[in-house]
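Order of writing sets the chain letters: A, B, C, D, E and F. Residues in each chain are counted from 1.
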Amino acid sequence: MNNIRLDNFLRGVLEEDINTGDLTTESIVLPQAQAVGRFIVKEEGVIAGLDVMQRVFELLDRDVSLVPFVCEGQYVSAMTTIAEIRGPARALLTGERTALNLLQRLSGIATQTKRYVKAVEGYKAAIVDTRKTTPGLRMLEKYAVKVGGGVNHRFGLYDAVMIKDNHIAVAGGIIPAVHQVRCSLGHTVKIEVEADNLEQTKEAIAAEADIILLDNMDIETLNKGVGLIGGKAIVEASGGITLETVAAIAQTGVDVISVGALTHSVKALDISLEMRVG
Amino acid sequence: MNNIRLDNFLRGVLEEDINTGDLTTESIVLPQAQAVGRFIVKEEGVIAGLDVMQRVFELLDRDVSLVPFVCEGQYVSAMTTIAEIRGPARALLTGERTALNLLQRLSGIATQTKRYVKAVEGYKAAIVDTRKTTPGLRMLEKYAVKVGGGVNHRFGLYDAVMIKDNHIAVAGGIIPAVHQVRCSLGHTVKIEVEADNLEQTKEAIAAEADIILLDNMDIETLNKGVGLIGGKAIVEASGGITLETVAAIAQTGVDVISVGALTHSVKALDISLEMRVG
Amino acid sequence: MNNIRLDNFLRGVLEEDINTGDLTTESIVLPQAQAVGRFIVKEEGVIAGLDVMQRVFELLDRDVSLVPFVCEGQYVSAMTTIAEIRGPARALLTGERTALNLLQRLSGIATQTKRYVKAVEGYKAAIVDTRKTTPGLRMLEKYAVKVGGGVNHRFGLYDAVMIKDNHIAVAGGIIPAVHQVRCSLGHTVKIEVEADNLEQTKEAIAAEADIILLDNMDIETLNKGVGLIGGKAIVEASGGITLETVAAIAQTGVDVISVGALTHSVKALDISLEMRVG
Amino acid sequence: MNNIRLDNFLRGVLEEDINTGDLTTESIVLPQAQAVGRFIVKEEGVIAGLDVMQRVFELLDRDVSLVPFVCEGQYVSAMTTIAEIRGPARALLTGERTALNLLQRLSGIATQTKRYVKAVEGYKAAIVDTRKTTPGLRMLEKYAVKVGGGVNHRFGLYDAVMIKDNHIAVAGGIIPAVHQVRCSLGHTVKIEVEADNLEQTKEAIAAEADIILLDNMDIETLNKGVGLIGGKAIVEASGGITLETVAAIAQTGVDVISVGALTHSVKALDISLEMRVG
Amino acid sequence: MNNIRLDNFLRGVLEEDINTGDLTTESIVLPQAQAVGRFIVKEEGVIAGLDVMQRVFELLDRDVSLVPFVCEGQYVSAMTTIAEIRGPARALLTGERTALNLLQRLSGIATQTKRYVKAVEGYKAAIVDTRKTTPGLRMLEKYAVKVGGGVNHRFGLYDAVMIKDNHIAVAGGIIPAVHQVRCSLGHTVKIEVEADNLEQTKEAIAAEADIILLDNMDIETLNKGVGLIGGKAIVEASGGITLETVAAIAQTGVDVISVGALTHSVKALDISLEMRVG
Amino acid sequence: MNNIRLDNFLRGVLEEDINTGDLTTESIVLPQAQAVGRFIVKEEGVIAGLDVMQRVFELLDRDVSLVPFVCEGQYVSAMTTIAEIRGPARALLTGERTALNLLQRLSGIATQTKRYVKAVEGYKAAIVDTRKTTPGLRMLEKYAVKVGGGVNHRFGLYDAVMIKDNHIAVAGGIIPAVHQVRCSLGHTVKIEVEADNLEQTKEAIAAEADIILLDNMDIETLNKGVGLIGGKAIVEASGGITLETVAAIAQTGVDVISVGALTHSVKALDISLEMRVG
């Protein structure tokens, strides 16, 4: 995580909520008033974002201190107090919603990731994320996937190659597409090819792709795909994967399973801040 | 919607995904190559974000043109083609994921909002959002709520007053809290007071709050609350409201029902872009 | 006041003055040199902006300390020493002009506001500002109005509705205009309607506007307007109001009087910094 | 004027007013509605900022066109229509206040400058501005001074040297101070020395300052100062100069007279926009 | 290349040079004056940055048009006219230095890269850049390396792993270091290990590094290193490589040779703009 | 140097290298691990940028401390240890390349400047820089020139006038060009005129230019030019000046010699950081 970028993001996010000022708090609470609060998780899940939340409050007031009672990534049961916060009441009241919005979202992602990871326990397949993240939050959401036990796929269009249908159509086939990329890009970049069927899988193998994405295949085809590749490339499966289907996919022997739902359809973990005047 | 802010947001969001460049597309696709694509909705829902999506592509290349086949806010069935896009293949390939991430998310919010709105049809209660939005996306997410037939609550800490437990505790009661706000703020600001029980409801009425939020009350208490207020303030209900419970709450006669789940736990609407080389 | 925004603004403002460096100070003054200074008000007035000024110097050098001798908002007589500053001579010399430009301007606004507030003493009318602020300084200028005893009108186009002539013309009358706004916006937004005559005043009453702005009316018409409204809406008067006319307007019984001159034609309060090498 | 910086400033300024959207206009006015408006000056003065105002509207909507009826810098009588604007009604309504705030302020500065310039007509003295500008608006305010017939002093701490009391104290006299600056800075930088009395004036001459600022001197002393300098440096007079005193000061034969009031205490020129639906 | 980022960079770079305005040009040249110019290369070399230069002028004025006479990446002899530019004289005069500073620098990098590429012609070794780029210009400088026939190494700390001495020391050896990285990062990231001697080379092979960097080895050791690796990893050579030594290094059979001097010590290609009033 | 601008620049520069995170360091090094490092210069030269480098690390982690062993601007021999750094190992590893890129570049510029300064020792001529700096780094590169004993020419288009061929052509001669500038700009701005031959030199003298740039003249013409000017203006020589020719140019009696190569073709000083786990 890049902390300079994180601070910059959090300042923007606080600006979105505060704009010209917190009308309620500034009218009612004196600057010197102190408060104490406890963060309580209302449902079981994996906690992610404790440091991020702490930074939200620190940016509002350096005198806020947050003491976590659980570790980042810990699975906690409902009604667990996960942290205590102390400091100027204004900062606590003004930062509460922004901090919770982040903590709940990141914990929601980590919790969902953990469920997928558990579902494939015993198989070699890693659960990885996609680029289907909330615009502006990719660094944080991919961080939450890691906290939940998942693994990160590429971060964007700039750090790995993914050759899809349309690239293949333009290039006139998988082999020329991979060839063009290899001539253009350096030795540090991995090349992944999306294959929609076994024919394309064979071409991708022939093109010596580093990673082959078996997209939207049924279990039987996946099995054949894994067999064809036979270790000559990393095998990724994707396409409408759910908690119900993920184990069967893992059983085919694929190396990684990418799950868009980890980030595109997040259920926030229910967490609240109970404050009292200090 | 502030278009200057929208452009600024979209540039940041594209920067997140592209960073130093789209390795795949720039290696394989020539700058002059053209393409055509169709946006297809895979499941029924309300479409929100067509203009936003168009702007994503325009920021990448002015020569992209997008023709919508449905209206913003229209409820469409699964497998509807909602828009066609034409222009430089590079811009279409590079912008695809960012555009879809936004369109799917906003449509997901609009769809969910519409479900709540339908559930209270026949009652006067409006469905409103909360500040439980994704950090950085509030303007867009609140826009999507409106597209789905909902109504916006305050946008942030700066445009309306919401007096909660902790403010009340600091001020020494609802009446002094409202008084302090009224002395401090101007005549354009509405004052909402959160009441957790009927005692507080009475105090809020006595304080002449503009809006009284009946928080986490059961139906019976809600009914009493609405009766007590008797039109002297706008009545808002909130707290763990679901599609199952919302109609019963509307039946109590509250004016607005605020639903955090509209934005904090969004299921993206499944939409894909099918492209072919132009 | 949003301190994150304040810091951001002050950094930009210092950048404007310093750009690549303070040629004079960096050439003559060694980094370790210390200095002491006193801020002296040359004419009587209300002091506003002490914290803002302090922050200017802190952003240049954390080792600057400022001790105020008066309170924010205090009315002081000419030649009062209002604060003492100590720290690195470079920071004091480089920040002097920017700090004074802000302090003098905000104190000028507070002083002028106080004059209007005093002029209506004994009447219920509050003195409020407008959107006629200096571009970029609205948060600070509206803060200064409050320090001077005034009250803030809406902060921008986004936090309250103001329906003017042109909106009315487009909508085909006040009643449909208000109706459209009410259907479109949420329950936290107040609706103000500008009425140029008593006919419009009646329409605004019928439309159940929250606030009615009686614009540019003579005292007699104002009196009638206030009578017509009879407490059914907040009454605001505006239009070319001066220190000479404001009391007569207050006497009509209006609730608020908005005065553009509070911010659009500011006379800076004369304040100087007298420094000596520490 | 740097147009890239201007655009950046105007985007920020529009953002300040619009934030998440213009509630009134977006609720009432359809995107396709057109309007026409006329800018009318309510009092005589010098017009400055026509291009700036045009750019405000263009940033909101490229389809806005503004036709000026007077020239930048023209002195117009009360009730002159200075420009016509046509375009989308939303852009005209949303941009109105920001555009007027700028146009009124810049015209106010140009008008006041012109008064000082006229007051010294027949003398060689130029009227120059100072660094007492509104934080954030220096480029624009100094532009308005030029439009009004004035001349710009240095733009900031970075483009010319001004040695004041405190610099002199630190350096141990004017001669060593000038010497230090000359050793440190390049041949393109002019050195100005502030002299509070004739002794310092002599020292400044001996130090071969490029410009000598005779600060807060009475007419008699000024006369002597000008005589002592005798063309060996540019002579600047400053300190509490008013429209009443400026001619007498010019008569002493000084080269430039710097007037803080040109920018620190601006009276906005009264200008309004009268719109009708197109 | 990310054009949104490019524009953002160029705006900042123009701002650095123009700040409040181009004093000379704005004083002498009327806005409507037109000019024509020709870019002439004074020494032979590879041209890189034509599009970047064009964008510099377009950001100043949309009416500038630039017609290139050579292709990006073309090797031209001294005194070649490489492009013609037409448009408003102000934009041409104001943008000249910034445009040339970029074109000369990028062409200097491309020219130097081409020399290295030619020096290893006939060998399989690719010439690659490093992170020793000018802070702020990495995207552009790495682009110029590609234009000159080179290949890009990783763009930053975020898109590939490079395990160096200190990482090895902390991890307690190459094998645990690679292991830790592999457990932490996803399947799209390549892992490079720096080996300073043959012992470390063996360890890197055992750890199954994707790329092994043979750092600062003499030719004999390099030969042995290449032999040891025997195709099991991509072999990179680096460390004080010059035009004199690069061929001998290529002869060892390494896959890539990284050369810091491509970007850390650039000699600008001498190019001038000869203008005449249009 | 403007430290607010410096911090802003350094944050951007770190962002360029780190983006979403330092994959290697974050995977291998624990947050609490400490390290110590020594900066060693591999070749003799002038050190510039110690404070800048320190700030790079401080922005990553406040707990980094850097102790310099030499002074800014000191000429050191090869293999000198110039500073020691201690702090969190992560910050040291992540910041290393950015810090060195800056230190090496600035030291390279200072070293080269010093060579030119020494070459003209005994003559009055100062060595000055130009606007041929790396886009985005002008403040820092001009700072390095000063550290190396050189002097700064104007910083940009905004702080001094330089009238070149094309300005002269547009204005219809040097005399009208200078006249126009003098009428337009204030008394703090120096006017430099570029003269390509003795005729233009005479015109520039007649126009009373403050500085006359004798551009690309041979020694004989330069001698004549200096004679013609005879102290009536500052004389600057420029055009393809090298270490070999600079002394002969100084001998002509010019006041300043501007050398583009100080910044447009920089050879980085070879410096490395040798770290060990603390």
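Simple rule for what comes next: a residue touches a chain if its C-beta (ideal position, glycine included) is under 8 Å from a C-beta of that chain, and two chains touch if they have at least 3 such contacts.
Bear in mind that the values here come from a model prediction, so they are computed numbers and not experimental data.
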item	value
Chains touching both chain A and chain E, listed by label	B, F
Which of D-F and C-F has more C-beta pairs touching across its chains	D-F
Chain centre separation in whole Å, for chain E relative to chain D (CA means)	44
Cα-centroid distance, chain A relative to chain B, in whole angstrom	22
Intercentroid distance (Cα basis), chain F paired with chain B, Å	52
Per-residue multi-chain contacts in chain A, two or more chains	2, 18-22, 26, 138, 155, 158-160, 184-185, 189
Pairs of chains satisfying the touch condition	A-B, A-C, A-E, A-F, B-C, B-D, B-E, C-D, C-F, D-E, D-F, E-F
Of all residues in chain C, those that touch chain B in their complex	2, 126, 128, 146, 151-155, 158-160, 184-190, 192, 211, 234, 236, 255-256
Residues of chain B that touch chain A when the two form their complex	9, 12-13, 16-29, 33, 35, 89, 93-94, 97-98, 101-102, 104-105, 108, 131-139, 156-167, 169-171, 177, 180-181, 183-185, 189, 264-268, 275-277
For the chain B and chain E complex, residues of the former touching the latter	11, 14-15, 18-22, 26, 59-60
Parts of chain F lying in touch with chain C, wherever the complex brings them together	1-5, 8, 138-139, 142, 155
